[in-house]
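Once you scroll down, you'll see the structures, which are given as structure tokens.
Both complexes below contain chain A, partnered by chain B and then by chain C.
Here is the complex of A and B:
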């Protein structure tokens, strides 16, 4: 009996102590990622990275003595679901900020909710319309397509190439790229001599490429995500096309090199700096963040960290920095986010302001070339 | 220049068309033996490619051993599918059977996604990838493999259906199931045979096309639909008219993408499908020409 009472007191004391130690409640951050469904290639690394970095922060004692707590929901890439889950995060989980969603379509659907409930939203999708025009509560970490297009055109201009053929995939990513390519061409003195598309599930693009071969362009720009561009690279090699081939940042992962094999050699593409982290010069501001991210991801998931995961990493770190500056309510976090200057993350150097909630410049991309099954930075 | 282009479009079309033909024949063999359209046919194409990948990478088999191994595995899956999903049905009305095959295809695709993940995978070509020039056009050695293997399979098909007892029995089932049963043909066994043949053929199609187009858990849907198109053009015959249907479809698609607009590539296939169904439901070559095997 006596023993039992002792035990009880001991338990009570321990409990008391533990509550005093962790008195400050954790700061709840919500996340919406398309972990399953067609956009799973975005959502999965994003969720993994967000979880990883939150764990790391908590392990090292949290932010200003407070832990961060991540509530993740899977939207399956569905805009309706994303809206429902965003409401749930705000009303039930009472989060102070939301990271995600993974795709532009979902983000556009969630924006009205975030604006109405006055909760900061840091989207991980690339569409430029997310932050153009600027919305008070909405930020994003993924680079605009416009920056990638600009990077390719800059290179073409420097090498005096003025006639290009474009071949884009007929989905959201390709349509947005196609629009940007056509819009910016004139600015760089470039004319588009042929404009073709292919379906995301197409397995043979020799017809389009034969047509392009007949158009006598000086460069071919292809805009798509795997596996289409790998098929195009192989088809171009089969047809003996010697015209330089450019791809989008949609394929800047080792998977593309693996799929296209020999045919990938010599292809150039704009890419975030993650894939070439170890090749960057020591003076690069992002190098420290990039190396930490790549090493951590490798350790936790035994896989190569990619840009998509990087977008979530950046979002978590941006919120962390805001909390460190004393913000712990939705409104305070928003104000601190807007004051972010020179934060060297994975996607680039972020400089948010009242007029710019995308925060990245052209230096977010480097132009890389595939040589010997690896990336080389094009100077 | 224009001639070169058209030659290239036709050659590309021929090789994709050969694949459509192989898949289409798989559709019509089952249709003729059982009266159902097996919408899971495309999934066997997907399985062929992915099982080969596993044989190559996990079991470290050489390519010549991995291929028969993959075909065998897919055939076993085809048999299981017939045994577990088709045969137990008490009242096999066509609509029930069609819904079951669609359900089966979703199940197979889902399982494949769990086993092989969502990524696309590449398989090495059978004999290098140095392009071969023909006139002003180029093709890959893999295209020759596709054409040759399709030809061999079609010849074997012909021999089987016309010169073996079980082949003749299967044809009897296609003409009249009840009469075939009355003269002592085991109709159920013929149904099983038809699933064996068509799943093996689907797998072969998936394997020979994988080095060119790569493979993933969801490639079966589109390839299955295109194969179905080929079978419809051929009037659901498992003979030469489905082959011509497939080749025609491939060439038209390729010419359409090259000469009109690449955006309409898939639309062309389905417009042809609709036109045939409206205007010539018995197939492009009419009833008299088509042999319903």
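Here is the complex of A and C:
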């Protein structure tokens, strides 16, 4: 009798322990976003989107019965902090993968840490040098600047415009864009007739635009993030410049249209498909993901989801898919990430491989034009 | 004198055994930065606390050290151990040359001039893309190496950085207690009186400015070789202000105060991280309270607070 009771208790205890052990081991994912500071316009939507999608996944029962846990730290856009916090995520929080950081500079600073500690890093920043050359543990979800530049140049080539003026911002985003613009121009038979820069905090670009007016280009390409490009659009209008103005994907959010107002009309820019999600044809592979993201974001934050948030959404989903295929350690997740094929996310259709950790093709961008304060796809 | 030496030895021992309590966790990494920031705070304190000359451009010297080391060891494949003194030499000469015209200025005007200097250096980092890599930074800087041991982990870097920091501290303590230290304090109180007593205040100010820049440059080089990456954003105006805050919060004219200030300002954000979005408010409020109630800095405020509590308790016992 006693024996039986003992046995029963033992069995019950074992059962209890085993279930709690399995249920209570969430998979920890770290995230580094520049939620405050000059790059907050990237970090905030990224954090919001990552939190949102993790919540959704957990609400629907997690992945293979396991919950995902997100540990987010704010880097304030500072490379030193990003490195410290990456170390914290790895050593103290013991995460199996890291999403972020938001800017190219921070990512370049964190890469040595991720490589050394052998933790997969999925960056949300665009700089080409993050994955070129390929680093074993480093992936990224943001579209390469090279693809955006290609999209603009293709359009120019089609319309037989061969002389362009470029005006880029002197920060990481602008510097990378400038490099790509200069590098690819020859390939499309385009010559750059003037090359100017402006400071990220400048409030008047009349001087640069006056010079550009004298250069007689057929198109002006401006590479920057808000609010600079809006000032440029307004200045160009004030100076009566009629030359077609092209912007980068750095301003593809409603915020830019708000800031530039009337002056935004007619500006063309390459953009992730998220801003034109509802205009895409039903056959577009990304449409389902895009609509889900836009609707969710609207529901959670009463704001329009932009493609910056999309980078974080893609990163979380990529990890989720890897976990679903049975990976739960850093090394296994890395291997599964590299096997990702045809994942239709927000930024584009991802195909990672041993030689390509950026994973996106030219179809990641569409060329859009601003008409009546909204986006229209340029055919 | 003997007491001072004992205090320093006790401090050094404490620093050297500290890692055994942290088991190589994340805090080790933060403590490495406490070391770098202590060096910077001491550098600025020699100038501001002892000689009474303000500088709002020290992040610039720090950055120059980091970038010169970084560029020489990556683009020109120089050995880090030769790049570091070379960087210090260049920065020292630069500070010496700029020091003569700049240090003629006083008060707000000196603050403005050094502020301008810091911003110019920052702009140079950003705009000379071919040399510095521009805003997206310079990566691939090698770690330091001694006899086959590569300083690539937090624990190794801790001993490296703190070894140098302790040397800088010892040097500064000796300097402060020397004839030069007394001359500096005389200049601080009254330049005219100091000159009457035979102190060449013009040259002395420039020399201490150059020394301060050299220590900052050394800290910068060490930063570059431990981080293996530098970008201009780390050397902006904000960082100059942060170093200044460390010096003031820690205690002007005290070498240990600089350590306390650097430790507090580097560690505090880590402990406040749990407070999510409110950490910045708490951080600001704490700094304000400290300046209000400890105007002499932590190094004088903490003993005063201790005495106050102890004394009140004693009086209570008597009653």
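Points worth noting:
What we mean here is this: the second predicted complex is superposed on the first by the 356 of 379 C-alpha atoms of A that agree within 3 Å, B and C clash if a C-alpha of one lies under 4 Å from a C-alpha of the other, contacts with A are read in each partner's own complex, and residues count from 1 in each chain.
Everything below uses one rule, namely that a residue touches a chain if its C-beta (ideal position, glycine included) is under 8 Å from a C-beta of that chain, and two chains touch if they have at least 3 such contacts.
Not measured: the values here are computed from a predicted model.
In the model built by aligning both structures on chain A, chain B fits alongside chain C without clashing. Of the two partner chains placed around the shared chain by superposition, chain B is the only one that A:255 touches, whereas chain C remains out of contact.
In the superposed model, A:88 lies in contact with chain C only, and not with chain B. After overlaying the two complexes on the shared chain, residue contacts for A:108 are found with chain C alone; chain B is out of touch. In the superposed pair of complexes, A:240 makes contact with chain B only, with no contact to chain C. Of the two partner chains, chain C is the only one touched by A:80; chain B is not.
Looking at the shared chain after the overlay, A:170 reaches both chain B and chain C. By the touch criterion defined above, A:184 reaches neither chain B nor chain C. In the superposition on chain A, A:127 makes contact with chain C only, while chain B stays out of contact range. Annotation: superposed on chain A, chain B and chain C show a minimal Cα-Cα gap of 6 Å. Within chain A, the residues touched by chain B in the first complex and by chain C in the second are 170, 197.
Chain B makes touch with chain A in their complex at residues 1, 5, 8-9, 12-13, 15-16, 118-122, 129, 131, 133, 138-140, 209, 212-214, 216, 218-219, 221-223, 253-255, 257-258, 261-263, 265-266.
In the complex of the two chains, the chain A residues touching chain C come out as 36, 73, 77-80, 83-84, 87-88, 91-92, 104-105, 108-109, 111-112, 116, 127, 129, 170-172, 174-176, 197. By the touch criterion given at the top, residues 24-26, 29-30, 33, 126-127, 129, 134-137, 139, 152, 154, 227-231, 233-234, 273, 280 of chain C touch chain A in their complex.
Across the interface of their complex, chain B is touched by residues 40-41, 170, 196-199, 201-204, 206-208, 210-211, 213-214, 226-227, 230-231, 234, 237-240, 255, 258-259, 261-262 of chain A.
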